[in-house]
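Each of the next two complexes has subunit A plus one other chain: subunit B in the first, subunit C in the second.
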Partner chain A sequence: MLNTIKQVFHSPKFVTGFVIFMVMLLTIIIYPIIVTADPLEMIGNGNFFKPGTYVNTSETISAKQYTFNVDVSQASKLDRQLDDTQRTKMADWLVRFGGVDESEIDTSDSVALVELWKNNYSKDVDQTGLIAADKKYFVRLDTKIDAMLASSGIIIAQKDEEGTLSEQSTVEDNSYVNINDLQTSRTLILGTDNFGRDTLTELVSAAKNSLKIGLIAGSIATVIGLVLGLLSGYLGGIIDNIITFVTNLFTVIPSFVLLVLISYSVGQGSRGIYLVAIIIGCTSWTWTTRSVRSQVISLRNRDHVNLSKLSGHSLFRIIMTDILPYIASYVVMALILQISSGILSEAQLSMLGLGPATTESATLGLMMNWATLYSAHLNGSWWAYFPVIFTVALIAFSLNLMNTGLDQVFNPQLRD
Partner chain B sequence: MKGFRKYYGQKIIWYLITFVIAVFLNFILPRLMPGDPTSAIMSKVAVGMTDTTAIQKVMAEYSAKFGLDQPMYIQFFNFVKNAVKLDFGVSFTQYPRTVSDIVFSSFGWTLALQLPAIIVGWILGNVLGAIAAYIRGVFDKVILPVCMFISNIPTFGLAIILLVVFGVNLKWFPTSGAYGFDLIPNASLEFYASVLHHYWLPFFSIVLAAIGGQAIGMRSMSIYELNADYVKYSRFLGIKDRKIVGYVFRNAMLPQITGLAMSLGTMMGGALVAETIFSYPGLGSTLLSAVTGQDYPLISACTLMITIMVLLANLFVEIIYGLIDPRIKAAQQD
Partner chain C sequence: MSEIQKNPENKTVDTRPLCLSGKGVTKVFGFGETRTVAVDHVDFAFHEGEIISIVGESGSGKTTISKMLLGLISVTEGEIQFQGKPRDISSHKKKKEYWKGIQAIFQDPFSSFNMFNKIDAVLLDCINMRGGKNLPKEEKVRLMTEACSFVNLKFAELTNKYPFELSGGQMQRLMIARIFLLKPKILLADEPTSMIDACSRATILDMLLKLRDEINMTIIFITHDIGLAYYVSDSVYIMEHGKFVESGGADEVILTPKAEYTKRLISDVPKIYEEWDLSTV
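Let's turn to the complex of A and B:
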């Protein structure tokens, strides 16, 4: 036994998969200890906040100001603050509606561009062919440019009871704050999702739940497959015929269809994480049954099994001591594959709206489902779906690597 | 020839039995669930529809169709009778369209998308796997891990990645639908061009998803075959490498064909979900909208259609297998 384990850990594929899987497992365990916030707390009011560090605006104003020796002239300010897309959009507008010739425009010279813009832009010009959102965009851009041109800094004022403003302080263009001085900054490494929840924290908890689903579904499928495979392989005869018939039947009838039908029929109300896991487990045992059965058939007439039979050992004992140890490696490999396919099944079910109907816990599939429902993939919010796809792929990849590694150890013909 | 007829006869009978059981499961599974399922179906009618006259009409039609007061077996025969007549009733969500109308219009799209995609992916994967096994070295070391990682990305994940890269960012391909939304299906060149343009992204995501797994399977099969005695013997006899590779490929193909039959259902399930990413008007998207709209007759018809597709595809694979596997030929001639 110890020797086998040693041998397994000499397989580079298995070790790679094992390390990846362990790193993920440790992250799932350790992360919630460090970040104790509720993974489903809606921290953002609005959807899909970009990844980054968010600081409290009013706190930055009252925080200690540091003056940097930077060029605060208008030219450098425009250079800094006008990005490329804004410049090309401005140039585009000027050519289409401002009556400016394309050769006159140089988007790299921000001062000249802004001058042209201020001379020619007016929101009342006939802008046929522009959608309303774009029209509004240019109005906003114009206001922004005006603000950039006002060079004297921004005045912070407070309103008193009569409504008169009194100046509190001035924010100069060259004043900075140190992010460490601020108490209320919040770093969202993966931004927020469509509900304004912290995607990273949610992802970790979703990975945990998905692994749980995979483990439950995989165990159920393996237990059913193992029992049926053992019975049909060892007993043979009519029982074998019946079990083989049923197994072949459910191999051909797509489990996807059964999953959809059962998940739909149990209804929205009762479909929790565990029930989904059980449903997946109960529809994916055929593969294990087949491979266990063929293994058992090859073992059935070995000498040690016959000897056990002659000694009058019970069926249970023969299976436990003479057959199971020989197929244990296959069962472990089947379990590993079942876990990864269980996670995938949950994700697919959830994409169709048949996943766990719960708002209390997240799963990888549910995260994908919400991200696509809110068109994260169409509006550029990559952080809402890409890490999820990557996590699903990484879990499956590590499990399959482990499986291949095991296969090579126990099946010498496949060794490279 | 007589042996073949027997072999195929057995296969077809077996698939017919499977089909009947699949239909039975389609009927019984929703009815096995706790609570009174038919009244649940009725209560769902009202959720999906707003037009009161439509609700009444559908209600009346369904209580007559399901024969709610009759025993289960009569209900089953009614179900089968209606299914044979391709009469699945009226859709709850898309009233007054009939379910069979909706399902048949989406069935064509799914078939045209998935059949070529799975076949192309399977062939490409097998060729890649065989090459990787034969050449080994760097080619193998690069291809294998890449294939392994890709094959572990779910199909819908690949679909989203392709969609974002080629549709949203590069704008080479449209992001949704099966043809331009300004077009009405007709036999014009413009329409076909648009269909083709919309076809590539869903097509390649299914192909990519199929390639990875097949390549890995084919690689290990080929390595297994390359170590076999007949290869060593052929080398010893001085038979050309090309010819040996031909033998190896043919022998390694056989388990791959069985593998295709076994994984067809899973592959199609993945591809159906990928369809929804592109809003491709196939069975996958129809199933999604039926689930969201709690449209029971439509779900039932969709799952039945998918089952039929998978069963037919499997039967087809088995027929091909019988033709090319020399062992079956030999067994039948005895």
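Let's turn to the complex of A and C:
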């Protein structure tokens, strides 16, 4: 036994898979100890905040200002303040009404673009074909550009009782604040999701729940598959015929369709994480049954089993001591694959909206489902779905790698 | 001229009591197109203390009949009588009782042992089966030591070892030690020496014969080696395609064969100093 474990840990594939899996497992265990906040707390008012460090704006203004001797050029100011939509609209106006050739315009050069704009734009030009709202938009944009060109610093003013503004302080263009002076900065490594939740914290909690589902589903599938496979293979006869018939029936009906139908019929209200895990487990045992059965059939006529019968051992004892140890390695491998496929099944189900119907706990599949529903893939919010896909892939990859490693140890024909 | 002389006068009648007999014993596997009759209405009568050989080539039904005799597979048709009474193995309890009377040694010693169990467990099982479950530990060790020394093995060297740590010959001797502890009425030996080297073969046979003398056990040899059958048996059953084509005293069957198949089996035995006629094979 000890020797087998030693051999297993000498397999590079198993060790790689094991290390990846353990790192993920430790992260899942340790992260919630460090970050104690509720993983599903909606911290952002709005959806899909970009990854990065967020600082409180009013605190920034009242914080101690440091003046840096840097050249705050007009170019950098314009670059910072003109967004892509504004640039495209400006270029569009210039071509249509300003009489500028398209080849002269470079939207990435903000100084040249603003210069062209100031030389050619006039609200009085004939703008036939433009709706009133757009005309007003360009007037506002022009005023804004004027302000950008003219301004130097931002004035902080206070309104008194009579409604008159009085200047309090000025934030110069070259003034900075130290991020360490701020009390309320918040770093969101993976931004927020559609509900305004911290994606990283949610991801860790989702990975934990998905592993739980995989483990429960995998164990159920393995136990059902093992028991049926052992009975059918060892007993043979009519029991074998019945079990094989049922197994074939379940194999013929695609298990995913069955899974979808059961999940749908269970109903939205009662579909929790554990129920989904049980449903997945109860529909994915056929493969284990078939393979265990064939292994047992080849074992049941071995001399050591016959000898055990002749020694008067009971059926239970023969199965437990003369059959099970011989297929134990095989069962462990089947369990690993079932855990992996359980996690993937949950992800598939949830993508279809048939996963756990809950907003109280996240799973990897649900996170992908939410990201899809809120078009994260269309609006470029990669942080809402890519880390999730990567985590699913990494879990499945590590488990399969461990399985291949074990296979090589237990099946000498496959050794490199 | 053949080395085996025909001697028509050598016909004997066994007067010892019957211990295992069968009438019309048949085994059919499958049905419809896949129906195979492995054993076809065979009759036999084995006496106490007798050594019987069932000889036949591969696929003749030797192993099937041995499994039926052991009660490991059911009998499709016919009746087997054990010690003069119809054999009853309808429940696990009755089977357990039956297996106290009949035991087996298999062909491949390497697959006869559960490789996850220590050797002690195999021998302890036998003591428990003989009702020695509550014996003190020292007594159990004494019995195991005695059984091992009967087959020229040292229990002290084997204890806590796994079967795969032994050689094929040692394993097969351990199987005999198991029989020594169980002391069954009948021993079914399914080609017990075919996987063993020639030197160990004589030792194993010698031990089996010694054991027979000691506990007056019936030994049924299942073999394809007609030479070995003639050497050790009192009676010989020749099996072809699931039927006994010839049976009787060893001398009678081997020296005056009547069935064509028996004659062919005898002529196929390779003889030293003579060229082997492969045309009949």
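Heads up, the rule we're going with is that the second predicted complex is superposed on the first by the 356 of 416 C-alpha atoms of A that agree within 3 Å, B and C clash if a C-alpha of one lies under 4 Å from a C-alpha of the other, contacts with A are read in each partner's own complex, and residues count from 1 in each chain.
Throughout what follows, a residue touches a chain if its C-beta (ideal position, glycine included) is under 8 Å from a C-beta of that chain, and two chains touch if they have at least 3 such contacts.
Please read all numbers here as calculations on a predicted model, not as lab measurements.
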{"item": "Subunit A as common anchor, with subunit B and subunit C clashing or fitting", "value": "fit"}
{"item": "When both partners are placed on the shared chain, which of subunit B and subunit C touches more of subunit A", "value": "B"}
{"item": "Touched partner set for A:Val223, first subunit B, second subunit C, both or neither", "value": "neither"}
{"item": "From subunit A, separation angle of subunit B and subunit C (C-alpha centres, steps of 10 degrees)", "value": "60"}
{"item": "Partner chain in contact with A:Val171 - subunit B first, subunit C second, else both or neither", "value": "neither"}
{"item": "Partner chain in contact with A:Ser308 - subunit B first, subunit C second, else both or neither", "value": "second"}
{"item": "Contacts of A:Asp322 with subunit B and subunit C, given as first, second, both or neither", "value": "second"}
{"item": "Touching partner for A:Ile61 - first (subunit B), second (subunit C), both, neither", "value": "neither"}
{"item": "Partner chain(s) touched by A:Ile189 [first = subunit B, second = subunit C, both, neither]", "value": "neither"}
{"item": "Subunit B and subunit C, minimum CA distance [Å, superposed model]", "value": "10"}
{"item": "Of all residues in subunit B, those that touch subunit A in their complex", "value": "14-15, 18, 21-22, 25-26, 29-30, 32-33, 35, 37, 40, 148-149, 151-154, 156-157, 160-161, 163-164, 168, 175, 220, 223-224, 227, 262, 264-266, 268-270, 272-273, 276-277, 287-288, 291-292, 296, 299-300, 303, 306-307, 310-311, 314"}
{"item": "Complex contacts: residues of subunit C adjacent to subunit A", "value": "67, 70, 72, 92, 95-96, 99-100, 103-104, 106-108, 111-117, 125-126, 129"}
{"item": "Parts of subunit A lying in touch with subunit B, wherever the complex brings them together", "value": "248-249, 251-258, 260-262, 264-267, 287, 340-341, 344, 347-348, 351-354, 368, 372, 377-378, 380, 382, 385-386, 389, 392-394, 396-397, 400-401, 404, 413-414, 416"}
{"item": "In the complex, subunit A residues that touch subunit C", "value": "302-304, 306-315, 321-322, 325-326"}
